[in-house]
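Listed after this line are the structures, all set down as structure tokens.
In the two assemblies presented below, chain A is common to both, partnered first by chain B and then by chain C.
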Partner chain A sequence: MMRLPRFHYYRPRDIREAALVLAGEENAMVIAGGTDLLPNMKRRQQTPRTLVALRHLDELKRVTNGSGLVIGAGVTLTDLVQDRGIKSAYRGLWQAAAQVATPHLRNMGTLGGNICLDTRCNYYDQNHEWRKAIDFCMKKDGAICWVSTGSKTCLATSSTDTAPALVSLGAEVELETAHGQRTIPLHELYRDDGIHYLTRSNEEILTRIILPDGAGTRSVYWKLRRRGSFDFPVLSVAAAIRFGAGGAVDEARIVLGAVASQPVLCDSASEFLNDRSLTDEVIEEAAALCARAAKPVKNTDFSPHWRKRAVARLAAYALQELRGDDMRATREKIARQAL
Partner chain B sequence: MNKVTTLKRSQQQNAHIGCQVNREPVQVSVAPGKTLLEMLREDLQLTGTKHGCELGECGACAVLVDGEPILSCLYLALEAEGCSIDTVEGMALDGRLHPLQEAFADLGGAQCGYCTPAILLTCKALLDKQPDPDRDQIREALSGNLCRCTGYQQIFESVEEAILRLDHSEQGTDLKSVPGSGG
Partner chain C sequence: MSKENSYSVIGKPRRRVDGADKVTGQTCFADDIMLPRMLHCKLLRSHVPHALIRSIDTRKAERHPGVKLVLTGRDFPNEYGILPVSQDEQPLCREKVRFVGDPVAAVIARDEFVAEEALELIRVEYEPLDTISDPVEALKQEPARLHDYSEEGNIHKRLSYEFGDVEESLANSAHVFEDIFFFEGNTHLPLEQHAAVGVPEAEGRVTLWSSTQCPHYVHRAVAKALDLPMAHVRVIATPNGGGFGGKTDPFNHEIVVARAALMLGRPIKICLNREEVFYCHRGRHPVLMKFRTGVDVNGALTAMHLQTLLDGGAYGSYGVASAFYTAVLQPVTYHLPRYAFDACRVFTNKPPCGPKRGHGTVQPRFGQEVQLDKIADRLKIDPAELRLNMVEKPGALTANYLKIGSIGLAECINRVTERSGWKDKYRKLPSGRGVGLACSSYLTGAGNSIYWNAMPHSGVQLKLDRSGRVTVFCGATEIGQGSDDVLVATVAEILGIDPLDIRCVTGDTDLTPVDLGSYSSRVTLMMGNAAIQAAERARDLIAQAAAQKFGADAEVIEFAGGRVFNTGRPEQEMPFQEAVVCAEEIYGSLGTTGSYTPAPPPGKYKGGGVGPSPAYSYTAAVVEVEIDTASGWITVPRVYIAHDLGRTMNPVLARGQVEGSVYMGLGEALMEESAFRRLPARLSGALVHREPSMLEYKSPTSTDMPEVITDLIEYPDDNGPFGAKEAGQGPLLPVIPALANAVYDAVGVRIDEVPITAEKILQALDSKARGGSGRVGPAKFPELEWPEPYRVPPPWEGGDGNAVNKPQRKRAAKMHDMDRFRKVTAS
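So, the complex of A and B:
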């Protein structure tokens, strides 16, 4: 039986108090839904001395309309999926959230938690005894990367579903400390390092996700995994396109998930699509550019070679769906759920 | 730092929490590192809630917190303060099984039975919200519950039978007279 290690537990009155505790305590972490942190603590992958609870803070659970949409980081994935406004205006985000884990985990897990999801790897997401038997890895307690023993950085995979979708939609995030706050584009929250995968400092709390006005932009999210539920992505493609008056692409943003330690922006494919109509040839060309941007390694389910080949297919499906093709049968085959 | 020290609310020591379990108020003294699953099984002796993977990968420990199915292995007991918790022990009312339990018993919805309490509660939460779900909606609601006996077909059929019986009982029909009941 795996018990949680000992820790101090704080229940702050508000975000400011949470930020004060976070800044004043050594090795403190925030806990919201707990669906990522608690398994990691049981396996001793993450061993905070202090947990600062956010679950009960109502100020993190609001969804507000402005010129765009502001979503509190504490909104559960279930609440997000049940929001009809999000389903219609930010379809890609909705499809991503609807495919996270299982209904039970979506009832607990929050959007903020999914954005900050710890990177994952076959050599890291194991219990303490397993990891000890291979003399650990550089992400926790060890010195070497077992995925690629010559690698100087940790290659653990970014496995968040919502982040690629949010990045494709041009989302920003607000980070708050006891002394102030800053707002940055979501893609700047990440870096391609499996250990230090977030640019967020330990004292900062992710409080809000800000989406630009969704009118005129179509978005989709395609996820590849072995099973139809539970699994993290082994590959995902998020795409958002604003079409111009003539039906040609005005602006496109394609983002890959689970092929690096951060969501990967396919700038070459996005730029290629500008001012072009989504013909079959254009889609194939853009999909090939996406595959070139992906460098999957052997750290998750399925072989890297196959995952790289699958990038082009999944990207093509995403673009076909954005063009207006009926992709329900393909969706059903791949996602095993109607989206 | 002094300011932070004064903000300390809860330490490593046990804390007393109050919540409702199966409609009855309970007071429990729990350590911060205790999960709701451990509290239910070890402090309240409610062992109907099963202990599976402990990592959120199987669904065997699902209970209802304020009517929503959650995984008790990933829920801190401390955070259940003030909540209403339903476990399988509370499903029968006045000595009578819940129609879901009856249908599972009659149609072979349980094989080894280890995943059954969590599945019953997950279905109860579904039916409380939506009395007449179709097969796809049942599948989706149960997509977080693994059955290692792989008896999913009988599970879906049992849920659909329970929906029929609930429907009949609402119309005043005696449950025992419904065809297919009684095994």
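So, the complex of A and C:
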């Protein structure tokens, strides 16, 4: 078995204490479910000296209604998937969470951990010996990028399933330190940089995810991966639309996952949809605009060329489902499960 | 065809004998073994693909707190390897490393963590050599030669055979088809990672517990590698959490822990991690194939010339046998009047390839069955008809002298075509949906051991006593396939007792008679026959005793339902236990043995020993696919499969084997590949397995598994126990070509290489849309110098199984290894 490196482990009483430890310790990281962090530590991709545990903190596990919905960062993906309210009002988020990893990993994995998930690359997500064999890259221990040897930045892929869905729903996140807190739109938490992919400072703890009122908005999430379980996305399309009277689009937000180091907002496609009805032609045009926004690189499963070509197809499925088409058979083929 | 079976245990659905232990976590796998004072071992593996070892400095590691011992290649006297002709492995590399993952040092420490820390402290100075990443590079014969004993440069072995004048037949054939295919390598991916524990015993003896499929071969290898008498080594195979051929070689880690246990006088355990399992490999060879096939106007085969090129990786392993298997079974399915083949295996700087489920035959079966589909398409013949017209006859002797027994292939084809509604679907489904058909056959046990000897291939021993309990001993290994269940069921059937009254002791070289191991689908047939013999001998003794008691003839004594009775006077009866007491009174302590040795093969030409088998299984499959033409996305809704296994021992397990084969076949067809990353020398010069992890090496999950409609077809074979043939490997073979053929039926493109992915389908569709070939696959087979073939006229051309010429062959360099082995075992 691959062994974890040595580390200190703190089990704080509350968020405040967690924040204090985080601020006081050098090279400390928070751990929620550990389903991303622990494998990375075994492979020596991430080597924190100190782990600050959040998993046991009840205050992070609450789902509360306000004008919209507030979800604690420590809510597990399984709990989220079992929440009927989320399933009906925030379908896209539910579909995304239901397709993360495997049932076992969803039992442990949290929403906060999923949002902060490390970016991925198949030169980086390897054990230490493998990376030594090929030579280390700039994301950890090295200087070069193997995906694009001329690149000045790391191009590791944002692989979180829930983030595109949450961004499409207009989610905000609350970040807390020992000294205070701030709330920002979720998409501002991300940065298109495979190493510094979050704008969160190391002292900040993600505490709550705030969703606006879901009434009147329909949302969906389509994920592409080789197998019906386990796999991270190689491409995903999250779309949320508020329809106006008469069935035309009032407001649309389409977000792509796994095609950059952050979730990619397809503004041109979203704007194009405004005031239009989702006819086949409109869907095709919008899907083509989405494809233009995607710039996958060669560091996941499947070739970037194929992934790019699949964008329009997947975006069209998403919009067709939002229009109300019966997509169950197609879902079954793509997701290998009913969603 | 199959007679209603009159057996009481055989053929009845039963819970497997080891099932309850497995599902309740009682089974003790190698990694579960915990012994007092046990230490842990980790191996330092090369991170360079090809290099001379200049020096190894272990001093720091030795001083690391908690470290007890550090070993390097110098601590091991001898080479070893599974085949006598390729004794090319060292427990730890001495002079040279040949792939990323080759072990160079071992640390034995208090725990795994400390051992891992100490690995970091070992300094190895390497002198890099050029690397060979594929057969084309290997054939270039540059100086970077992996092994001195190879035939030439990095050509490990070339084979060339001709059974009749193939060129003449091709010239006279109505049509000749030439096709090139590529089958990418893939690996076994057993859930259980290899683990072993070496335990020192008094007087310099050692016991090795290991998750191995072949304790007997490990026994030989450990003795040889460590210069120990075989009598001082005991190997115990723990139940394997899956093997699929990946645990049939003796491994360096096994020899290392045995040695360390002897040196330290303490038990030593090693558990490989998943990456290391990828480096042990011995998986499916990547094979490039070229078929030139002649047919008559009805599409019946007239002749075939097959050429195969195998990427062997860094060591010999079973490779010479694998090379034979890429060709020898072609004539066993359909009648083939003339046949020639050339096979070449090369060395490359990658983990060694070896036997994986269907050993060597899977790749050419893919090629042949896809080519037949093309032939049927061109000649406008239904592919099922085409095949039915040329199914080989039962009892036939093939062009290459393989003796076939029973053949249920025609019924298999009829069954899957009926079940799937083939006639209404083939070429009739809407675009994007398709069906494909393919067939295959497979060995029921290799007719020869991997080292030449005239001893039995399987031995079984029975112990009975007054308790009524029967203990059956056999060297066979339970790897999840259900061999313990077959053993118990066979004995229970003959003695007419409840399987629960039998205990089996298997896979222990001290306690159990030799069985060669769980490979080549040999166990049910060979162990089964040995068990029948042992059980019948026991039954005869008990029958004699019972007869004496009843005052009757032994011939009229029957065994059934846990009782022994006189068939003439049914009121004369007693429980089995009482009958054993009678026998024990008369004969003293009771024990019998049985053994099985396959008949010598009819082919007497050199090399004719690979391919013969006591019986051949047959399979047909229809695969349905659905393809999205805009993305190439492929879905398999259903697979229909019919498998002729001679006789079903336990339908629950037989179905499990067939459906497990479908699962594994689909994985190979759709996604699995042992791919490598090669970086140019100016960057890092790396040559590494692309993704040695269970997440990124894509193998299907339960969600990806289609509905499987399975039929077990019974054409009992005279050589099989109760007529049984194999079920564990053969059913994998047709799944892959059937899927490729279904893709063509669905969207009209040919993917002539495996795996068949959405990307390749889309590429082929693009090519077709542009007026291109609509094919993705290899373009050419490299020019290769083949040796003069052994010319063996087929039986119907006056042949007697001997070659009519004497081709000159270079002798391999290290042939004296067998002698050395003999000396070792004799000393």
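Following the convention adopted for this analysis, the second predicted complex is superposed on the first by the 339 of 339 C-alpha atoms of A that agree within 3 Å, B and C clash if a C-alpha of one lies under 4 Å from a C-alpha of the other, contacts with A are read in each partner's own complex, and residues count from 1 in each chain.
Going forward, a residue touches a chain if its C-beta (ideal position, glycine included) is under 8 Å from a C-beta of that chain, and two chains touch if they have at least 3 such contacts.
Source: prediction; values computed, not measured.
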Which partner does A:Arg3 contact after superposing on A: first (chain B), second (chain C), both, neither?
-> both
Considering only touches as defined above, state whether A:Lys152 meets chain B (first), chain C (second), both or neither.
-> neither
In the superposed arrangement, does A:Arg84 touch chain B (first), chain C (second), both or neither?
-> neither
Where does A:Phe230 make contact in the superposed view: on chain B (first), on chain C (second), on both, or on neither?
-> both
Using the superposition on chain A described above, determine whether A:Pro103 touches chain B (first), chain C (second), both, or neither.
-> first
Between chain B (first) and chain C (second), which does A:Ala338 come into contact with in this model arrangement: first, second, both, or neither?
-> first
What is the shared patch of chain A, the residues that chain B and chain C both contact?
-> 1-3, 228-230, 337
In the complex, chain A touches chain B at residues 1-12, 17, 20-21, 23-25, 31, 34-35, 38-39, 42-43, 51, 53, 55-56, 78, 101-105, 107-108, 228-230, 337-338
In their complex, what parts of chain B are in touch with chain A?
-> 1, 3-4, 7-12, 15, 32-35, 38, 51, 54-57, 59, 62, 68-71, 73-76, 78-79, 122, 136, 140-141, 143-145
Which residues of chain C touch chain A in their complex?
-> 45, 47-49, 100, 112-113, 116, 271, 273, 275, 626, 628, 630-633, 635, 671, 677, 679, 683-684, 686, 688-693, 695-696, 698, 700-704, 758-759, 762
Contacts from chain A onto chain C in the complex sit at residues 1-3, 122, 125-127, 129-130, 132-135, 144, 146, 149, 226-231, 301-303, 305-306, 309-310, 313, 333-334, 336-337
